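Next come two complexes, and both contain subunit A; in the first it sits with subunit B, in the second with subunit C.
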Partner chain A sequence: MKTLHVDQFTAGYCPEEAGFTLERYAGEQPRWCKGCGDYAILVALEKLLALKKIPSNQVVCVSGIGCSSRFPYYLKTFGFHGIHGRALPISTGVKLANPKLTVVTVMGDGDCFSIGLGHWMHAVRYNPNLLVLVLDNEIYGLTKQQTSPTTPLGTKTKTTPKGPYIPPLNPLKLIMGATGVSFVAQTATWMPGHVSATLAKGMEHSGLSFIRILQRCPIFSPQAFGQGGKEREGFCFLTHEQGILLEDNLQNMAESLPHDPRDFSAAQALVQQTEDAEKGFTPLGLIFQALNRPSYEEVRFRSISHPSPEEKAELLLDKLKPFEI
Partner chain B sequence: MEDQLWSWLQGEEWKSPLFLEVQEALGMGKELDLAGEEIDSAQLTQALHPSQSQGMERESSWNRVLKALSGALVLKGGGDPQDYFAAYDQHMRYALQALALIRGKEAPTTWQELSNRDFAFIPPVILYFRIDELNDPVLRQLGELMRQEREFKLILVQTQIHATVSRLGRSVTLNPHWDVGFWGLFFRTYFVLQIPAHLPALKTEVQRAVSSPRPALISIYAPADLALSELALRTRAFPYLRYDPEEGLCWQATLDLSYNPEPRQLWALEANQEELNLGHFLFRQNPSAFTPFMGDGVPVRDWLEAEGTKPVFLSMDQQKWTLTPTQQEKILSQIQLWGNLQAMAGQAKGGDPGLVVDWEEKIDLERQKAVTKALQTLSAKLLGVTSVDFTGSELKLNLGSHGEETKTKREKSRLEKPLPVAQSSETAWIETPLCTACDECTGINPRIFAYNQDKQAYVKDPAAGPYADLVKAAEKCSASIIHPGAPLNPKEKNLEKWIQRAAKLG
Partner chain C sequence: MKKLPISQHILEIVSDAGEGAQKAGSIFAQTTAKMGNYLWTVELIPSEIQPPPHTTRSSSGIRIRFGSEPITNGGNLTNLIFVFNEMSLLARLEAHALAEEVIVFIDNQWASDPNPDIVRQYQQILAELSQRGADIYELALSQEVEPFTEDPQKGKNMFVLGVLGFLYQRDIDLLQACAAKAFSHKSAQVLASNRALIQAGYAWGQGQLDFCFSIPLLPHAAPMVTLNGNQALAYGAIAAGFELCSMYPITPASSVAHTLANIFEEFGGMVHQAEDEIAAIGVALGANYAGKPAFTVTSGPGMALKTEFMGLAVITETPLVVVDVQRGGPSTGLPTKIEQGDLLSSLFATPGDAPKVVLAASSIADCFHLMKTARTLAEELRILVILLSDSNLATGMQLFERPAISAISSSPPHAAEMESLPYHWDKLTGVPPRLIPGVSQKVGMTSSLNHSEAGLVRYDSLANEAAHQMRSHKLATLRKCLKPPAVLGEEEGDLLLIGWGSTKGAIAEAVQIARGNGLKVSHLHLVFLNPLPPRLKEIGAGFKKIVVVELNYQDVPGDPYTKDAPRLSQLALLLRSHTLLPIESFARVWGRAFMPQEILTQIEQEILALEAS
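After this line comes the complex of A and B, so read on.
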């Protein structure tokens, strides 16, 4: 019987001669609603992979459940549409099995901050080298408008017709309190240039790059984030030479605030302010980055010794010695 | 290209004339004829034949002489300036010993006392920098190297210019244009050379700069594709300039622009007589930054000279492209820079009408007048004044009788808003770089809207559908970047309603 070698499969799947164009990374026709911010993220990701010239057979896109989690279908790379909230353990497994792969994890606010919260905290602690995108539209959209952990007070949903009873979760505050955090950034879909720059920064980082992407659901949460940045004031670009650099056309879209992303205390103080009801603001840019944290696969492969076949044979003989007759 | 430059610099021996003579004498066994050069030929001859009486000490000294005079010290920049100072001082110590050996006791004891003529004997110290980003360490190093007295020959090689420069957030428009060559002009004693790498005269020009008795700053644009370098020169994106303070005291004498195409004209022209501007260079570097333009517009040169027109960028294949405010600003700023260079180099000055001139000079005068007029128009538009006088030695600004009030509305808006409206409100357009590709507009009417190769939307044909579709798309656009403009078909149904809805969009 003729066996199909994995290289043959991948070579047919991703011909080098196709060049690094956007089409090369485009999978199925997206079925998101018109006006959805997910399109902007998909294009930004395709552009980034093309820019970095990463062959599509070297990329794995892992997702959980939700509108955002349809990413693996629309990206022509290897993909894993996981189960609800479990995208991060799957991604960690993929990365450990083959650390050379570029792993992109895509989750929604419900997926990551609710059912997947436990996995999220531990993945941050483990710090595998993943690009983690959380597409936060403050609602469960796929299942038609239920309250998610980030739904703000006053937002009427199918599960809370009078609005949520308790204030929303602040994911930035949570992750900045997690042990071993190494990269936290926030961007918004209505600024595609900023999304691209943030994803690029995250991909360059070694360790878990957590990027929260603010967006609205045009159907179920059109009012989110001031109608997708149209009305709400209080957005603020974090500026620093080590942070996300701004393109010309973004200069006038929000205020600027100098912030050193290498300063852990400053980052903690910053996210603390985002919950202040009066002075609160929404930072956009690189909030925190630690450069000296080893990734989980580095730690694992450093601590495990890999004996050669000869050494294995010797070890085996050692074990068998007591049974010698 | 950059690698070729580096290996050329290392390979080139930069020998001093004296060394060549000594070498020849050694090879041919002939006597040196250096009497006219104030050199102690007896001592030199003795040094050349040390075996009879001088012994090993003399021989090793002579080896040092040869080493000090044999070639330039070529170092890669980027390290601690103090190391370069130490290397320079060491180089000069050997050179002084060499001179002392040749001249006996008359040679100076410190290199600061060396005359121009002495310097001509000493091979230069060349520092080579690859400089694509003007960051703090580079600025600091260059500043430290340039402000002290040592005579370094700084070669700065750039492989990209006018690239999209991102910067930290500012609410005002500050285009970080920098021409590192001009920094050399700030130190007025420096020999400055700014030259694109494709020019055949590159080597002779660099040799001239290196052999100048002054410190030199040589800025070379050396992209991987030399066609880009040629385009940079033709579009004035990277003009050739040489500033040699040895040539005289006035700018006209010291500044040379001769390798630029049509150095007396403001614009270099294409074969079809259209002007070349920075836009052509930017377009060649990154065509995806441009979006197609629909409607009436005139090329940049005509736009500057005629009121009430809209600027458009014409690529070499005569296709029209939208110019964003940033691109407009870049193009204007670059041509203004070139105009100012011309004025400084005396290429654009009006001339003295009292002189008797022959017909060739008359033609030149006409050309100069045209350039001056264009410059006046350009500068007046940029400065917001009614006229600028370039003919005298001073720059005179005429603010008009009413000052501010005399500005036209268009001039005023361009001055006050750093980001003016790129297009007329009459034509539908999209701020393409801000498009989130959400499929909203292309879903409403794919004949009007389309995606470019970067998957960002632009108005393909505003006449391909009803005005209602343009307004609906603008209302629905999740990034609010569609501008529906004015309706093209006055007979369209319910047009008034749609115009009212469009007006609400601003």
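After this line comes the complex of A and C, so read on.
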């Protein structure tokens, strides 16, 4: 006789029994620190899933390791909490298995830009249809304040008490140099409306939608990306009818810059400007989008046949014929 | 013309890398199999594509043991060798591969080489062989092929094939047909030139040789196929219903994917060449998680890189098959040579307690059939399965009965019940139901952290202990399903040899000869290395001594420096802890398979020592 032990928070959910409400996608009570930007992203994602009416059993949230990678627990969808840096290969595997699934991949800056950098570049090249969220707070949080690839010069950490020895990695420049790049956007957690609009745009895109979400770790990097936003970092909304639409209340939070996200050269020139930390230029919005770039699973599924189990057996015996003696 | 009757022979063709010895050998092997002989081939492969020619390190070739009776291993010393230069001959002599009375065929162009050093070394090596008792036939190979080909380097192998066709009285039409098929992708000109070369080689034999061999041919009762081990893994993967092979190139595993890449899509499958070994297993794991049967295939260095993902497969209980075509290690080691060095790392490399199934193929038939076994176990038990093959099986050709297949299903089993939790372990068997995203109605969390039955994080002692126990129970469940291993010979006696993997045939052959000579020796072969099958201790207790025979390292017996605490070979270490019996080992890392004769000598020594004590 099996004894059933149900936990306080059961992850199970029956789609037929409820409408597409926000609560429907809410999983465990999050255990992030007070003031963490992750909450805003979680709510934005839950809202988006409800808005798009995607059944929760058709959604898989895959993560790596880090504070941000606890994301799947807090969503009531299928969730896969993986290992450090490897969320993208797992996600690619999921899409190769079942292209119909909505896959959201959540990583941190250390996860994606450091230990998982190789996978990141190649995933961009494969271009599977994933919503990839990188929650970048310029610091390792869960392991308690070590230098991340995006930690700016001068930021003291436990492994670089005098600040990093070398300048930070620029993810935007890197991804805009990658073959196959199809969607690059940047947003910031302290602008929840903008996060929502950016996630929605990313989810509509077919291919790998890379969204870097700037945030501050309230414990270890509260100073990240300037205190209020504008002063040090030079935040700038990218405006275009094909880009992320700005709600009125955001208009005065930063400067605006017209930018056509369909223009690859303009996007490359744009990210080039973000290299100079002194000048301070941080674009928020849709930096680049290539339409009609086929996703990896599309390419792979296009060329496979779908024989029945009996046809497969017959075909195999046929293929073995040349080896018969 | 003398027709020498033989029941079996070991033939080698060795050339410089790139001169096509392996191609000629594989055509010869196919012809031989089709005519009704059994065979076992071993490729002799340098690690480089075209190393500096005319050196011992550039020699590349094939070893073919064939005969009237079923052949289960590569055999003893070579009876006949066809070499393209004297350095290849020296390489094989230095490898102690040649019988003293070996028949040598060699290209004599080097006897008149403008470089006096080459002439001298040619004469020296031949003199040495001759002194050992070799029977040497020199032929002007390069001159003989000149009329038929513009590039003699590309034609010699076909001429040699013709000569061998005559020597072993192969059906010349069949030989030509097999050759034509092997080169079917080449131009008509190349095909015609090959045809002429084979014919000329055959005619040369008829005209120049006063002997040939006669081997009885027995038509096979059941339809047979001849594949190499990596082809068998590939076709076995299809037969098992796999739909994704996610891999990264590595010797000697890559050709599994090469075979699949040509045909897999017709079966609804795909080969994904990932950016690295880690991503290769990650994609396979992700695909399995989402319901597509996927496997990854690699070799030692790749296994090392995949370790963390294997741990993830274990804790998340994601079904996954990892095929390890073992090569010599550690690190880059001997990339093209055989070793059984990955046994303990397969079992234990994953940090923490990570129960997984480990099984090993002993033959090419095993390579085919164990893929299905591996998939079934992985899915039924939601467990990681490591299937071990090795570099000799990878490239060696053998015959096995054509598999009977009527349907190939790819849909994995899963729980449809609404009340299922992703880790609702059966308290007895430890097996949880499986939820598949997009298929199961109920959603669930899969976690790399220790988790509860609902898949949610649990850090407390009881939950951690419980999850470990449940994962361990799955291995116990499988163990209870395994049959005790069959013993070749009596279940009691003086000496029991235990082996695993592709050494099976050589051990069995040695044991049968020894038993024929009246020695009380038996052989036990293990397919399952984890969990180990039942009754090992009881069987072992029936013998005065137990020796594990395997191709990995043990401290050299008698080494005065290590004899106070000699390090044991891998299976010996495992079996000692499992049975608490004083198991010893005969283990070597020679980069080649054991010859039955070497095992026989070891048996005789062990028995003598037992009698003396």
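Please note the rule applied: the second predicted complex is superposed on the first by the 286 of 325 C-alpha atoms of A that agree within 3 Å, B and C clash if a C-alpha of one lies under 4 Å from a C-alpha of the other, contacts with A are read in each partner's own complex, and residues count from 1 in each chain.
The criterion applied here is as follows: a contact is a pair of C-beta atoms (placed from the backbone, for glycine too) under 8 Å apart; a residue touches a chain by one contact, two chains touch by 3 or more.
Being a predicted model, the structure only gives us computed values, none of them experimental.
J.: Is A:Asp248 touching anything from subunit B or subunit C once the two structures are fitted on A? First, second, both or neither.
T.: first
J.: According to the stated criteria, A:Phe264 is in contact with first (subunit B), second (subunit C), both, or neither; which is it?
T.: The answer is neither, since A:Phe264 touches no partner chain.
J.: Applying the document's definition of touch, where does A:Glu46 land relative to subunit B and subunit C: first, second, both, or neither?
T.: first
J.: Tell me the contact category for A:Gly35 with respect to subunit B and subunit C: first, second, both or neither.
T.: first
J.: Which partner chains sit in contact with A:Phe20 here, subunit B, subunit C, both or neither? Use first/second/both/neither.
T.: Touch status of A:Phe20: no partner.
J.: Go through the superposed model and pick first if A:Phe78 touches only subunit B, second if only subunit C, both, or neither.
T.: After superposition on chain A, A:Phe78 lies in contact with subunit C alone.
J.: For A:Phe281 in the superposed arrangement: first (subunit B), second (subunit C), both or neither?
T.: neither
J.: Touching subunit B and also subunit C: which subunit A residues?
T.: none
J.: State the interface residues of subunit A toward subunit B in the complex, per the touch definition above.
T.: 22, 30, 32, 34-37, 39-40, 42-43, 46-47, 189-193, 197, 216, 218, 228, 230, 237, 239-241, 245-252, 254-256, 258
J.: In the complex, go through subunit B and note every residue touching subunit A.
T.: Residues 164, 166-171, 173, 324, 326, 419, 431, 433-440, 443, 453-456, 476, 478-480 of subunit B touch subunit A in their complex.
J.: Sort out for me which residues of subunit A touch subunit C in the complex.
T.: Going through subunit A, the ones touching subunit C are 2-7, 9-15, 27-28, 56-60, 62, 65, 72-73, 76-83, 86, 88-94, 96-98, 100-101, 118-119, 121-122, 300, 303-307, 309-310, 312-313, 315-317, 319-320, 322-325.
J.: Report the residues of subunit C in contact with subunit A in the complex, numbered from low to high.
T.: Going through subunit C, the ones touching subunit A are 30, 33-34, 181, 220, 223-227, 231, 235, 238-239, 241, 244, 246, 263, 265-270, 272, 274-276, 278-292, 294, 308-309, 311-312, 316, 399, 402-403, 405-410, 418-422, 424, 426-427, 435, 437-438, 440-449, 452-457.
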